Every structure is written in C-alpha cells, then in structure tokens.
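Please find the structures below.
In what comes next, chain A is part of two complexes: it sits with chain B in the first one and with chain C in the second one.
Let's turn to the complex of A and B:
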C-alpha cells in the first residue's frame, strides 16, 4: 500500500542574494514495495532530497506525499519513515539491544513484545546473538546491519537509506546490499536508496532516478537507463561511453572521416554521437569500416577492454569478445552496430546498423 | 630542559608549603574551629554553586551548541568573559548590581533581602566565576556530537526532551564531567569576588581561600594547613580531569 511521491520538490539553501539550489523541481514517484535508487555525483542533491522526505529539511517548494497524503507539515518524529545513514548510525552508549529497542520503548510496548521484536529483527539481519554488545564491539558491516534492523523494527512505511554501505570495503558492500535487497523483497517494504555508485544502483534498483545539479535527469529501469539514456549527462555518467563530435546533414551524420546514417527527424546541426564500447563489431577493411591502432589491451574475464587510437576520432574504448584476436600495436578495423545521436536537450535518436 | 624551569617554578613553592605545613602539627591546626568552619563553608558553598551551574548551565550550553540565532556570538562571548576577567572586577560588578546601594539594592531591600556579606553572596560570587568554565566545556561537548545521532533518534520517534535526556546528555557525559570538575575547582579557589562582595565573616563568608589569606597574617599555621587541604583537593580533582579526558580520547 505505501507509495511515496515527490512533487515539484525544491530546496534552496543560502541567502536570498546568493541562493544555492540543492534540489530543483524534482518529480519522483515510488510505487508500493518498490526499491528505488537515487543516483548522482557528489553534491547533486541526493541527500537533500532524502532529508526532505525524512523531515530534516523543510522544502522550499513542492510537496512530499505518502499514500497521497502530504507529510511536509508533519514533524520528523511523527512521519512513518525510517532512515539508515552512512556513518554515526548507532548510539555508542547503548547496547545493540537498546539501540533497536529505542523506538519501541518510546511507543510504550510491553517488555516481552519488545524483546521478541528486537530478537526477530536481529535474526533478520543475521545477528541473533549480538544484542548484548556495544556498537564499538562490532565491525563496520555489523553496525550497518544493526542500523537496518533498528530501522525495520518500527515497520516504517518508507525505508530511507543514504549511502548506507559507502564506508565498507567492496566485497562487504556487495554482500550487504544483496542481503538488504532480499530482506526488502521479503518484507515488501517501499525503499529509497541513495548512492553515488552506479554499479550499486544498476544491480539493486527496480528503478533509478539519476540526478545532476539538483535536477532529475531520468527515472527508469536500470536496463533502460543503460540502453537509452535520455540526456547527455546520463549517457556519460552511466557505464562507459565513447562520446564523439558529429555533424548532421541530409540523413547522414559525419563523425571524423566517417559517415553514419541518421534518422530523417535529425536537424542539420552539430550533434554528439554516443557509442557503447560493446556496440562495435570487428570487420574486414572496406566501405564504412573504422580503423585505428591498438594501444592497450586488458583482459577482463569474459571480455577484453581494448583502447584504439583512431587517426580522426582520437582514443576509443572497445569491449571485444575473447574470440577476437587483438594485439598491442596492431591495426584493427571495426564498425559501430548501435549508437545514439544527441542534439540539444532533446532525447537522443537511437540508430541500429 | 628549558621547560623544566617552569615546572620548578610550579612545584617548588608547592613542595615547600607542604613541607612547612606537614612539619608543623597539621592535625591540631586543621581541627581548630576557624579551619574547620572555613573547610565546611567552602565545601557546602562550592557544591551549591556547582549545582546551580549544572542546573542552569546545561540547558544554556545545549541551546548555544545547537541553535543558530542572531546575537549568538555575543552571547557566547558574554558567557566566556568571566573566564578571563579578574575576579576583582566580578566583585565590583556584583556589588554595583546587588549591593545595598547597587542597581537592584533598593528593590531587593523592599523584599527584605540584603545579599552582601551573606553566604548567598559567597555562592553568587562562585557561580559568577565558575559557571563559564562549565558552560563552555559542556557547550563544546554538545557541539561535537554528530547530527546523525540526533536525527536517527528523531526518525525513531523521540521528542526534543527524549533526544536531550536519552541521546545527547549521555553522549556529552565526559565533557560535562570535565566541566563539572573545572567549575568545582574554580569555585573552591574563588577569592577576589568573594572578599569584595561577601566579606570575610567567619562561618558566614570566610571560605578556605579567605581564611588562608587572613590567617596568614595572624596564625600562619592554620593558613598552611588549609593550603595543604586545598592543594590536595584541587590536585585530586585535576588528576580526575586528566583521567576523564584520557578516556574520552581513547573512544
């Protein structure tokens, strides 16, 4: 049942004469039981957006609604939200048990019910025997697990997480996020997860909201974000991308010395051509083939990353299957199989060859 | 090596005081009525002053640490000022305000209250000089607490009082304890403001430092004995402060 809507949400810091717009006209809808990631570079306003949902920041404009009811006038301690921060999450002067029981005690639940619920939530995060420890006696990963348990024990309508695993090492980060996702699926809880790590967002989210400079760039499923970035920013920010300067005229786009087909709707004007490193195929020399000298080959397990110095296009990055023979210093010829044409602020045209 | 010169300057007089004091008949001097009265008065007044500092100073420190408001720096400077002010200035200020002919004197007299030369005046003088130490230390302690600790309590449903009492106060416990020790030692040692505002009446306003000062002219043995008590008491408190600060560094 719980849904979350951010409607034309705006937050301005600073003075009237020198305003800092942290969040600008943000529209995000989170469906019941959905796991939504807010993704963007440092300083793009992710935390500010989340903090307005939790009630720590007052919006300068717009609305936040849970189940279609505005909550902006509700104090944070009355909102049906729970939050997990990146650090300083557990109160160091309380044992794990007391950390988790804190909210339940405030609600004057009977002692035996508190005991049961604390134990159940500790077991949910795999720390059934840790109730008697102090936070300082836990590892960073265990501390974040307890923080999640504490957030969940109150059965919030919306779970908010602000880079909860950013302080952990890579391996632990992957394990914890998968555990979190599993718990979230089982409980069918609506969650908003803020991260600057695109891999984290792509692997976790039902949908991703990509932000840049306070504005929403795109709100879509991970696969769509990757395959059909709506803006140049998203194309550049998500995954690896070859960004080339081109010029459209009469159904073709000129890139360096090459000519590629362009849809009739393209206007005759400069354009940015975006090609994913995997959207190329190695070919024979001939009509329409691109060429260049291989400057670097890295073996990445099931594929190879190859840097190619092209005489007219500069350095290109290609992902090639292992079946293709490539060697440092040799010439290579290839063709793009799929690319995007960006013109101005409009969504790009996709071309498949 | 050069630093040692300073240590000698500190330590030598202290050692000599203790040498002289203990060499004389310490027990009999410290159990004279004058000495016992001064000791008792000092302990009682300094503890009451301390209670007042904590009761009013804690909310003040909390407010100063958390809220941003206009004139904040002014208020902070104001509460810090008595730290560096000579106590004699405090004595003058207190007399001019609460003295018989002071600004509030006639008004207080109407209520039948005369503050100067009473035990209450001793306490006021002590609070005046000691409270800034407490407020400052506690304020810095509260300010050092990461806001996430508080915000988490807020989303968990705690109200302002619950956040203060269950989260912020325990988290600031060590700095508050440091503040208490500092304020207490300061109150115990208070002299200048007391003698000006509260006078030097045995059993009423003659605290240990006053008894030492006066006694030194008449009966230096009692003064020496009291000095040793004061050195021991303050010394133990300062040592306790070190322990507290060491422990908070380890965390």
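Let's turn to the complex of A and C:
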C-alpha cells in the first residue's frame, strides 16, 4: 500500500558561495491513506518540499521514497504522483474532457475506457455535464475541481496538492475543502496538502507537519498541534496565543507581578509563557487573580473575543463564554487555567491549574 | 439635458482624437492607392475615346518571362527566408524562455542587436564581411591558403542571409513573449500526468502559442515580400525581387503604369497574408479568458 517517506530531504538554491537553504533535513513519513498537511508561512519551504516529491525540483540531498522505493532519479512524468497546482493549471486550448483524458491517452488506454473514467472522475467532483466546455468557461472553483479530477483519474499512489484553493473566495474554499476531504476518505488515497492557512490544515489533515524556515517544527495530529505545540514558533503560528515574558525560580514562574506554579524540572531562567485565549476563567478579586481594563469586545457568535489591557502584562486576548457579562471600559479579573512554559529549544512544560 | 450634452462632448472628443490620423490615412494612402488600383484596370484615356475596363496590364505582366520570374523569385525568397527564420528563432526563443542562466541575457542582447542596425548599414557590413576580398575571404586565404570561398554577394543567398539576420530580433521578441504567456505550471501539469518533453512541446506549448506564431509568420512574410534595401544592395541583377523590379520599372524604364501593376499584384499577394493575420488577431476572443 502506498506510503511516502521524506528522508533527510534537503534543497539548497543559490550559488555555492552563497547558498540559500529552502528545505533542511526534512523527515516526514506519510502512512497509507493518510491526509497530511504541510503548513507554514510563505517561504518556509513547504512548496519546495512538495515539488521535490512531484519531481519538479531536484533534492540537494536526502531521499524521497514511495513504498520504500526511491523516486528521486525519476523524471516527473514517470512518478506515481499526481499534483493539483495553485493556479493556471488547466490547458486552455483543450476542453475539460481532453484535459482529463490527456494522461489516460498517454497511457494508451482504449477509447471507451477513457470515456468511462473521464466521466466517472467528472461525476466524482460534481461536474458530470462539463466535459464539453473550455476551461475559460468555468469559474475558478470549477477549474480547480477539474484539476482535482485530472489528478485523480490517473489513480496516483500519492495525491499532491499545492495550495489548490488559495485563489478562491472564502466560502468556496471551505466548500471545496470539505468535498476534497470526502473524496479522499472515499478513495482512501494517500494525500499531501500544502497550505499556509492553518484553519484549512486543522480541518483537513489527519496529521499536520508545521514548517518554518525550511525546517520541520512539529508533526502531529491537529488537536495535539493546537494543545501541545512543541516549539515557540508553532505555539505562536497555530491559533491565537498570549505570549508573555516570565522568569522561573524555585518552582514558580514570575509573569509581571503575578506568580504561577512551575514544574520542578524547570530551570531557573527566563521563560516564555503561552496562554491560549480560551484557557482563562473569570474570577472574583483575590489571591492570584489577574486584572485589567476591557478595551474591546467582539461578539463572535458562540463566544466573545475580549481585549484586556493589563497594567503589568500589556494587551491580552481572551475568549469568554456568552454567559459572562463583559462591557467595554470595565475592569475584569480572571485567572489562567492552563499554560505552557517554553525554555530554550526544549519542548514546553504544560501546567494545568 | 446635461447628460446628453456631456455624451455629445465625449463623442466629439473621441472623433477629434482619431480625425487627424484618419484624414492623413485616407488622403495620402487609401485615396492614391485606390486611384492606382483603378488605373491598372482602365484603358488609357485618349482624345475622343472614353476609358473602359481592361485586364490587359495584368495579362502583359504574366506574359513577360522576366516579370514572371521576378514574381516567383520574390515568393521563393520570402518562403525560404521565413522558413529559415523559424528554424533559427524557435530554438533561440525556447532557450530564452526556459533558461535561467546568465548566458541567456547575453544571447538575448545578441539576438536583439540587429533591431538597432539600419538595413542599409547591415547590407554594406555584409558586403565588407562576406563580399569578394572581404573579411571571411581574406581570412581563409591568409590563414588556410584557401581560395575557393564563394561569396553570397549578388546572389539569392546574399539576400536570404541578410533578410534572416534583419528579421531575427522581431521574430525572437514575439516568440519569447508568446512563450512567456505559457505558465510554468501549465507545462508542469502536463509533465505530471506523464507527458515527455517532446509531447509537452507539440501538444501543449505549440497550440498555446499558435497566435503569436501566426502573427510573426504573417508579418515576416509581408515584410520580406516587400523588402527593398537588402535585395537592392545584395541581390543579383536577375531575377529581382518585386521591390527592386518596381523601382527599376518606375525610374529606369519610366513605365509608371507597369510599376503600378506590379505594385497592385504585390499588394494583392500580401493582402492574402494580411487577411490571415487579421483573422488570427481577431478570432476566438471568447474562447480564452
């Protein structure tokens, strides 16, 4: 069954004297039928990594294996992968049918089999009657659906998607995302999806590989990535986070004028304290309560986003349930219920109160 | 009322802008051209006889073996030169489009250089370089003691050589611009589904640059067919290209109506290619976004 392994994969651009490392020592394994998202800001090397799997970039080092077989020496047209590109992806001089049939014709399949498979793949993406149209007669979303059909019709071992929905408007993006997830589940195809949109990654992926500056930061399930980010970068990049400067000494971490418990394993040194906006609870004034003035309240449907100006901690962002009454300009007291302590490059300590 | 007068003002401003070139075009080009065309199909006006319609001048042209051979020669030079241009410029343009190396910049400058050389200077430079006792001849004599160099000067090959050189920049410019319209991802998508390099070229790239290809084909054909300076300075005494032939008929033989007939014939041939060009530029607007 198809698995994909990136082993110490490396890509370096530029001259020998002034190299630019785009992908550094990347190790990712994708299990059979898994949907893996590579997530990171633009320029983090995620697309380069994907293009090395597809064969459009030659690795400077390391290996790419499908089913334990190295494919780095294969040209892109011989690899058992199929890719969906970000844009300008259909051939404008061919009708939708011919776009999808192109790869099948190259494989010299009989005409009636090509007809059947093209039609089946068009139905799969909900465009059964669109075979006769030219790409320019389709909307952006329809074009990307055809691109997905074109990739799937070849029954690739690995489906690669390079930010396929980033040129579409928000609503359509969400809809296509859900359709893609459904198709992938039904076909049980192994897929690698590159995106800079964390919401997209969190909602699509079985596992997410977060990359920054060419390096893998964390490879985990979406829930784990969100709840227990391994690095400061992931903590900051995924979801909203309050990042505070602290100082650990003797089982406590000092944040502003507040003291929070710290595990015994923490070394006495400066630390970063990361608190999710939802990991706070509104309390009465008293021992260990934080306070500040509410500067902005936004009603976001089932919860409220509240900005609080704290005298010693600066601006904090809190997500509060609707049951809590808050108003602009009021004072508020609250307590963190859960936070992470980052010290150097080590994985953080999680503290629950 | 206000919107109506504003509408009229805009309309008037629009016509005012296009009026000067339109008037010049009509008075100095369309009118005399129309007159010339009409004159070639009318009998000479004499005292007491009204002019009538006749195709005699064209029959005379095709009855004259020199005129016929000049016309065929012009068509032959045009076709051969256009074919050679594609042979030279296509690889060059593909290289310029797909290469990222620094050499590509130098190649581009070299390819565009003839754009800045007037035809007459190019012709004389080639005479000095490839002519009898020119640079190449002298070099071969001195270095290799080789005396068999055959100069293309005053031969059809001289015209073709110079015309190819002269038309390279335009051809390369249009072809590379056309090739740049073909996105990398369009090519990569074809590679991805299994197409080899050759197949990508013939089934993806060529169809997508059909329009620039036809444009460069038509404009080159028309330009070469009507060329004068290069065939005049580098070509043989016979056969001659139509431009040279017309000039000679007009100034040396003082045969105005003969020259006009040749001109109208040349114009008709070029307008066939021109029609193809217009069709290429205007058609299929709706098909592609």
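Quick notes on this structure:
The rule is simple: the second predicted complex is superposed on the first by the 353 of 353 C-alpha atoms of A that agree within 3 Å, B and C clash if a C-alpha of one lies under 4 Å from a C-alpha of the other, contacts with A are read in each partner's own complex, and residues count from 1 in each chain.
Throughout what follows, a contact is a pair of C-beta atoms (placed from the backbone, for glycine too) under 8 Å apart; a residue touches a chain by one contact, two chains touch by 3 or more.
All figures in this text were calculated on a predicted structure; none of them were measured in a lab.
On the shared subunit chain A, the superposed partners chain B and chain C overlap sterically. Once the two complexes are overlaid on the shared chain, A:194 sits clear of chain B and of chain C alike.
Looking at the shared chain after the overlay, A:54 reaches both chain B and chain C. With both structures placed on the common chain, the touch criterion links A:253 to neither chain B nor chain C. Touch criterion met: A:76 reaches chain B and chain C at once. Looking at the shared chain after the overlay, A:341 reaches neither chain B nor chain C. Using the contact criterion defined above for the overlaid structures, shared-chain residue A:134 touches chain C, although it does not reach chain B. Contacts of A:149 after superposition on the shared chain: neither chain B nor chain C is touched. Within chain A, the residues touched by chain B in the first complex and by chain C in the second are 54-56, 76-78, 81-83, 85, 87-89, 91-93, 102-103, 106-107, 136, 150-151, 154. Interface residues of chain A facing chain C in the complex, by the touch rule stated above, are 54-56, 75-78, 81-83, 85-93, 102-103, 106-107, 134, 136, 147, 150-151, 154. Residue ranges of chain A in contact with chain B, taken from their complex: 54-56, 76-79, 81-83, 85, 87-89, 91-93, 102-103, 106-107, 136, 150-151, 154.
Across the complex, chain A is touched by residues 146, 148-149, 151-159, 162, 166-167, 170-171, 173, 251 of chain B.
Those residues of chain C that touch chain A in the shared complex are 183, 185-186, 188-196, 199, 203-204, 207-208, 210, 287-289.
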